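One chain, chain A, links the two complexes that follow: it is found with chain B in the first and with chain C in the second.
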Partner chain A sequence: MSTKEWPLWEVFIRSKQGLNHKHVGSLRAADSTMALDNARDVYTRRSEGISIWVVESNYVHANDPADADAYFEPSDTKIFRHPTFYEVHEGIKHM
Partner chain B sequence: MKNEALFRYLLRLGDDSLILGQRLAEWCGHGPILEEDIAMTNISLDLIGQAMSLLDYAGVIEGKDRNCDKLGLLRYEKEYVNVLLVEQPNGDFGDTIMRQFLFDAFRKPLYERLVNSSDKQLAAIADKSLKETRYHLKHSSEWVIRLGDGTEESHERVQNSLDTLWRYADELFYTDEVEAKLTVEGILPDLSGIKAEWESTVKYVFSEATLEIPVNNWKFEGGRKGRHSEHFGHLLSELQYMQRAYPNMEW
Partner chain C sequence: MKVLETTDLEQKFQDKIDREVKIEPNDWMPDAYRKTLIRQMSQHAHSEIVGMLPEANWITRAPNLRRKAVLLAKVQDEAGHGLYLYSATETLGADREATIDDLHSGKAKYSSIFNYPALSWADIGAIGWLVDGAAIMNQVALCRCSYGPYARAMVKICKEESFHQRQGYESLTKLAQGTPEQKELAQDALNRFWWPSLMMFGPNDDESPNSAQSMKWKIKRLSNDDLRQNFIDATVPQAELIGLKVPDENLKWNEETGHYDFTPINWDEFWQVVNGNGPCNKQRVDARRKAKEEGMWVREAALAFAEKRKKKQTA
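== the complex of A and B ==
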């Protein structure tokens, strides 16, 4: 019996029209066809989605957590980047 | 009884779904991989859901106050009319997939015709079940191809599954006075093309899977008349246990 493990896949589900695909988890499968079937069976049993993407985890590149300070902290002090310095005129809704 | 032929036909459809659903449920917690464990139990639940609709409707036609629970869980062995194929033991994963594939390839063209039944309730059940069955067939054919055209071991094992189960396939096309009467009444649309469609599906998938269709002409049948294989009693004892031990229990 072969002991080779199937590759890992990341699963993204679009819950309804107009929304983005969102990462929901991962699974193992021999190829993309099986990955899509498995994603359908594991992650959409309760009507969670209308569209599925699967991406082999190998192809996902992530930043090095050791660089997190350099990557993310500098933006913490740049509050002027948030659009909170505008006065909203009366009568404007949905802001 | 409003229409005995319709009652008997609904039992045939309902029992096929119920017994195959019960067999697949036996895989719960034992699947070869987590994802497949969930896939098989999803399919099991689809089939048991179809059985509930079909047997509930059979009970209405019968008019003796029997619902899907009474019909599904409290008949005696000889009163079940499922084909022998669906009661065959799960065996290994390849056996289960092969049994499923032979059945799905039959059920899809059947439902595609039943959606045109003049009986609105039957047509509605077929319409809902057809969507489920299309996925079942996609799933089982992909696995047959994967195993058949896989490693030397998987090929050999799934070829054995086919050799063992092939003799049960012909019973899927069993018809008698029940179907004849319903066809005359217009409740059953013309079902004559189903076998040709089934043959073309299995030939295509087996050629992709590099599997050989067995040449023997030995066929088993009897399920439609209530004559079952020895495995069936064991299946029923598990299926019926709760209702026999605790009559009328609900949860």
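== the complex of A and C ==
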């Protein structure tokens, strides 16, 4: 059986105005129009969205999860980036 | 950088599982974990797709427009569920078309319940109530599966599927409260679907050799027998409420255990059906194979059209 597959697309949906698009899954489609139509039929059958983005999966780049600890380490060691690091005298308001 | 031995990696992996940290697609995982998931998830996807066949057969014969619209929506959901699951399986590096070809060659299985025919309209009610009911019982447990994409697909599927069970029970209730002939149809559907529904949870725990590993990996959270017992405990009162009799002479509430006792399952029938000798095995796989083969030109034409248009745009 021929197995020439349609490209894979990642689907992002905005559930309502004011919220960001969120990844919901993927699907296969021959082109972007079909990917959008299929995404509507597959991922928004119950009013889950008002806007859809589809991106060919080939174009998504990601960090290597095996190196995630080292990769994100700089952010874990800088606790002074959080307000709770600082001492605030009692009685100080609005800070 | 220190090179990690496989045993170190396996230990780290199991630690993550034990701490309830989900596994995501590109994370390191043991080959056997990946293989188990690919097999389970693709067979789950096949079940959704093959499950459309007995029901789709009744769409044009639904007794009224409301039932027809509901059945159409349900069958459309099943297609969507198959797709979520095929997509989730692909995140493990599985080739989607290869998994589908495995279904067509008989190498991959699907839920054996779909090898039984839907003989009357009442069967559509029984399928929604019992088959989807059993599937939900199983899938609610899978929502906490250790593999992220599978767990997320399950959450969405469970949300959608609760209407499947309700519409089936509602439909069967109407029949059970109708004319004597209608009530007989409802009872007959329950008689035929009860035991196959119980078999959906798979072999008894002591006959299920892979269960222990799946539990350790938290792919599986509850054992086959526990899920089956939960289903029986939940379903028997629902049957009684609409005046239908569960076809098991030994079914009895056990005060001590707080569960229903029931007759041991006829596993001979189960294995016969799993191994290809059920009433509809050939018909189901033939229908799927035909759909792929006869629909292939559409896929090829769509791809050719997309490529042609891309060329035009870049020219």
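Simple rule for what comes next: the second predicted complex is superposed on the first by the 80 of 95 C-alpha atoms of A that agree within 3 Å, B and C clash if a C-alpha of one lies under 4 Å from a C-alpha of the other, contacts with A are read in each partner's own complex, and residues count from 1 in each chain.
Here is the rule we go by: a residue touches a chain if its C-beta (ideal position, glycine included) is under 8 Å from a C-beta of that chain, and two chains touch if they have at least 3 such contacts.
These figures come from a predicted structure and were not determined experimentally.
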Practice problem: In the overlay, answer first, second, both or neither for which of chain B and chain C A:Ala30 touches. | Solution: both
Max touched-residue count on chain A (chain B vs chain C) belongs to chain C
Touching A:Val42, do we find chain B (first), chain C (second), both, or neither?
-> both
Per the contact definition in the header, classify A:Leu19: touching chain B only (first), chain C only (second), both, or neither.
neither
Item to complete: Identify the partner contact of A:Ile50: answer first if only chain B is touched, second if only chain C is, both if each is, neither if none is.
Response: neither
First, second, both or neither for A:Val60, with chain B first and chain C second = neither
Request  = Mind working out whether A:Glu5 is in touch with chain B, chain C, both or neither, as first, second, both or neither?
outcome  = second
So the chain A residues that chain B and chain C both touch are 1-2, 27-28, 30, 34, 41-42, 45
Residue positions on chain A within touch of chain C in the complex are 1-6, 8, 25-28, 30-31, 34, 41-42, 45-46, 62, 64-66
Per the touch rule, the chain B residues reaching chain A in their complex are 33-36, 38-39, 42, 135, 138-139, 142, 146, 151, 153
Note: in the complex, chain C contacts chain A through residues 24, 26-28, 73, 76-77, 80, 83-84, 87-88, 90-91, 95-98, 101, 104, 152-153, 160, 292-293, 296, 299-300, 302-303, 305-306, 309-310
Touching chain B in the complex, chain A uses residues 1-2, 27-30, 33-34, 37-38, 40-42, 45
